[in-house]
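One chain, subunit A, links the two complexes that follow: it is found with subunit B in the first and with subunit C in the second.
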Partner chain A sequence: MRPGRGIVRFLRAMVGRSYPRIIGSNRDKSWLFYDTVLPLLGTIAFVYVYKTLGAPERFVGYVIMGGATTAFWMNVMWSMAAQFYWEKQGGNLELYLMMPCGLTPILLGMSLGGLVATLLRAILIVSLGSLLFHVSYTLRQIPLFLLIFAVTVVALYGLGVVFASLFLFWGREAWHTVNLFMEPVFLASGFYFPVRALGFWVGVGASIIPLTLGLDAMRQLLFAGSHPALLPARVELAFLVVLALFFLLLARRLLQQMEYLARREGRLSLRF
Partner chain B sequence: MRGEGTNPSYGMKDLAVETKDLVRVYRRRGSSKNSQDSRIVALDGVTLEIPYGELFGLLGPNGAGKTTLIKILVTLLLPTSGTARVAGLDVVEQAHQVRELISMVSGGEHSGYGLLTVREQLWMFSQFYGLPTRLALARIDELLRIVGLYDERNRRVSDLSTGMRQKMNLVRGLLSDPLVFFLDEPTVGLDVSAARDIRAYIREWIREKPGRTILLTTHYMHEAEELCDRVAIIHKGRIIASDTPSALRRNAAGGSYFLLTTEHLPDGGWLKEVPGVRRVDTRALDGRTEIRLQLAEDGVIAGVVKALADRDRKIYSLTKVEPSLEDVFIQIVGRRLEEVDEAG
Partner chain C sequence: MGGVAIPRSQEGRFARWWRTFTVAYWLGWQIESNWTDPLLFLIYSVVRPLGGVLILTVMFFVVARGPRGPVLGFFVTGSAFWPFVVMAMQGMAMGVLADREHWKTLRYIYSAPISYRAYLVGRSLAQATSALAAMGITLLFGRWVLGIPLHLSSMRPLLLVPSFFLGIAAIVAMGLVIISALVWISGEAWRLPEAVGAALYLVCGVIFPVSVLPRGLQVLSMGIPLTWWLEAMRRSLLGEQTLLSFPWASDGRVLGTLALLVAVWSIGAARAFSFAEFRARALGILDQETGH
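Showing the complex of A and B:
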């Protein structure tokens, strides 16, 4: 048996780095409370606002969908964007930079591990929320729905890698920066209401966050005919593909730049 | 990963590590770019040649440039000027190829994830080298047995003592069977027993892998003396001496060395006034005082004994000793290594 090179090593490195994330969720089950019950409480609050106002039933579904989506956004920001910063503080980043597999599979491994746990959280939130409030979905075009979800996730995690490099440049401000990107994004991306309510151009501007278009497109397919869409679902899918390619290319460029700056400046990756 | 017992010859001169006029300048944060104060010269023209199979020590106080040199060699830092090659490969232009052949372990390292077990953590790192799982686990178990950590293999990393953790780090560094192994102060912060174990494994590894090379930085004199085939003393970013420990002691220490124990002597500084006494170091020892003397020649000791007798100081023991690397360091730098550390 010989050590793998190329794609074999790439895949092994990716699986290797995803392992702590996956096993971590299994070993420390406190996330079941913090990452499902707590977000669900916020979601329930919005549900009651809509119910009090006598909004149509589909709004409850919007809110539950949005509640599930927060799990993805939080995962991308806390577990990806801020990850290089934490890895630097923990002393891992300099080791990762030295690894012959390169940084890309390690970051993808982080994403993969995070995605598994986040997907589970999202399913739990949707299931619990739907059970509690008897939400019914009319899912049509399942392949299109899955495709939109997949492209959204790819674009979102591409954005996560972009942020990971940027946050490292910003250094110790990572914590504050992550907080800065929470509530404003929940608002601008329409997590708890159709983004169209903010106006067409605000919605288009907020579409730089892939969740805006992804959420809007998936809502169209779940609540067909009644959802005030920003753009038709297929157009939104096309934009999402562009966003995914853009963020992946930008992420690659920024990773290279980050590695170069880390080596030139020293302070980016090393703790001294 | 590589053939056992072979002596690879990647470089023209069969050198595992080669640096030429290596300079690294840091820019101080918050100071103007043109100001001289904004520049910190960490390495100032370092030239080194380390052949394959050598355990080479880099000895110096904190801030001497040891870690900077290692970071450049392991491709984590770019030099400001000069060249550095590892296994014949340029660390700037061929960084990715260099990374295939090297590994590094630092003292006080807290890499990895506390929630993983020792075996899981090591497996994760093995995957970054592309090792098949079966081979990786077999190698992990073998190395854990060698460092005496096999019984702790299923223990969480967060529950390990500092010494155990460093043994695990050492295993992590050896997983890829590196051609050139960099150890940056590997025993710093460890208790005596754990440090001794680590040194023993390092010695054992290089003995069993004749083609491999270790570059070890330390500011422990005894560690450098005990482990290294050759030692370079680095101070203020410059290599100020480089040779085998015995040759350094013989050539660079200068003069004769004596160890003398007297009844308590609060201040032995006046002994320097005895003609021919170059240096006096005293330390309290169970109500007595141990004095280490550097003399111009053996005959000077008679004057020292007389000076103590004139002051009614009993002498309990007097031994002629070999100079140590500490003496070499003092002779070259003018101060003890700890004094340089404290002065920053």
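Showing the complex of A and C:
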């Protein structure tokens, strides 16, 4: 294959990095168990909490949606934010940096691959969870729902690249930091309950995590009339667009800065 | 490491086991904690469990909107003790994988003249120690912020102390069972401990009584010592003022069943580990790296 230039090289690198995540990982079918059953187990536990409390059916729907969202958050944190840490451990990071394409298409490829794979997993989680617990949804504004989902995902993966650039500098701290961003984020973003329950201003503060607004807006469209919204869905969409742009610009700037710093400090090949 | 004596040539079996255990404990603690300063480590240790209990608390208040009830005590005690399972059981398994895949030291540790089981138990208990802070802070939070009836006067130390240590023994035994499976698995080995942890979280009555589960899962949960351990912890800390998974059982029966299950699981774990170890050595896969 002749070496590409410009945008061709960029796209080739992006597709090349997304390939193992879409095609490669599906060669081993064990992901069907680990990536669908495993998140579903945790989700079911929270469903049973609501059943213990005698909650209305829509709360079960909240939890199942939260479980699917967990798949995206885990993917962004473990396979985007911390990915350069794993690559450093595996010795790939130096190879990426020596390639003529730069880190941006590598990260975009990781995002694209992760998104496709996680979307498939999230659909399976929602389908299985809804079938198991007989949850029904009333989705009337499908285009708006899809738009909100798309913008949320762009903002979320933008945040993932921001974290990835920060973690480029770190060693073991990266692993522990990702671990730390689990339950506290599930709490602040209202993965298992309407975020409005935390209070308006706490919910607004937690909206820096794109999933907070995205999840709240999608719940409004799925449980119209009964969901206590933080803000109207269209206002949340507007904020999500702003967040997406902000994270993409920040990610680009941070990536350049942190790469330079990591090179200067000699941390790119520092494994432990 | 300061303080580790050079072994005498005629060192007894128990002395060698103890020395391996203590060194492994120290090593486990260093790996667990020395990536940051002690204050940050403490915060890191308590934030996740506190986050978990707060999620449950908000879920409770969103639905109940009323007075605090025994359910909150159930949530708090389950969330307070679950980090022991995450840290000691999952941590033990992840430690073996890290030795094999990450640090690439498994072959050297295994071929050293030490008891590998003592090493694993030491590593596991070091992880369990880091769960103590999470347990303490979560219980204090439950007592002083959520107002759960956690009073010294209502505690039952005769149930609490033996149950606690039996529970730790159960966690170590279950960790050994997971490791027995891990030595056979390559690609997805990193995810198996988490999968087992998630399954146990669902069936062991951590955040809801097992009586809510379908009948088949209830029967399964009764064969797992962790279910009885959490039940014993709740009874010993909260007395009568809590929901129970087994309201029909007396305290003595809970403790007796826990002890019996720990014995059965410990013997089973030792046998499973011996078998897995033998087969892995025979197949030459004990230190097989997977590149994942």
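Convention: the second predicted complex is superposed on the first by the 264 of 272 C-alpha atoms of A that agree within 3 Å, B and C clash if a C-alpha of one lies under 4 Å from a C-alpha of the other, contacts with A are read in each partner's own complex, and residues count from 1 in each chain.
By our rule, a contact is a pair of C-beta atoms (placed from the backbone, for glycine too) under 8 Å apart; a residue touches a chain by one contact, two chains touch by 3 or more.
As the structure is a prediction and not an experimental result, all values here were calculated from the model.
Student: When the two structures are laid over each other on subunit A, do subunit B and subunit C clash or fit?
Tutor: Fit - subunit B and subunit C, as placed by superposing on subunit A, sit side by side.
Student: Quick one: classify A:Cys101 as touching subunit B (first), subunit C (second), both or neither.
Tutor: In the superposition, A:Cys101 contacts subunit B only.
Student: If we overlay the two complexes on their shared chain A, which of subunit B and subunit C does A:Tyr19 touch? Say first, second, both or neither.
Tutor: A:Tyr19: touches subunit B, not subunit C.
Student: For A:Phe200, decide between first (touching subunit B), second (touching subunit C), both and neither.
Tutor: Neither partner.
Student: If you stack the two complexes on chain A, which partner ends up touching A:Ser30: first (subunit B), second (subunit C), both, or neither?
Tutor: The second partner, subunit C, only.
Student: Please indicate which partner A:Gly266 is in contact with in the superposed arrangement: first for subunit B, second for subunit C, both, or neither.
Tutor: Touch partner of A:Gly266: subunit B, not subunit C.
Student: Which holds for A:Asn92: it touches subunit B only (first), subunit C only (second), both, or neither?
Tutor: first
Student: Just the number, please: smallest Cα separation between subunit B and subunit C in the overlaid arrangement, in Å.
Tutor: Here the least C-alpha separation of subunit B and subunit C stands at 6 Å.
Student: Output the subunit A positions appearing in both contact lists, the one against subunit B and the one against subunit C.
Tutor: In the superposed arrangement, which is not itself an observed complex, subunit A uses residues 28, 90 for both subunit B and subunit C.
Student: Once bound in the complex, which stretches of subunit C touch subunit A?
Tutor: Contacts found on subunit C: 35-36, 44, 47-52, 54-56, 58-64, 71, 75, 102, 187-188, 191, 194-195, 198-199, 201-202, 206-209, 212-213, 243, 291.
Student: Would you tell me which residues of subunit A are touching subunit C in their complex?
Tutor: Interface residues on the subunit A side: 28, 30-31, 33-34, 37-38, 41-42, 44-46, 48-55, 59, 89-90, 171-173, 176, 179-180, 182-184, 186-187, 191-194, 197-198.
Student: So in the complex, the part of subunit A that touches subunit B is made up of which residues?
Tutor: Checking each residue of subunit A against subunit B gives 1-5, 8-9, 12-13, 15-17, 19-20, 23-24, 27-28, 90-92, 94-102, 106, 262-264, 266, 269-270, 272.
Student: Please output the residues of subunit B touching subunit A within their complex, sorted ascending.
Tutor: 1, 26, 67, 71, 74-78, 95-96, 99-100, 102-104, 106, 109-113, 115-116, 120, 123-132, 134-135, 176
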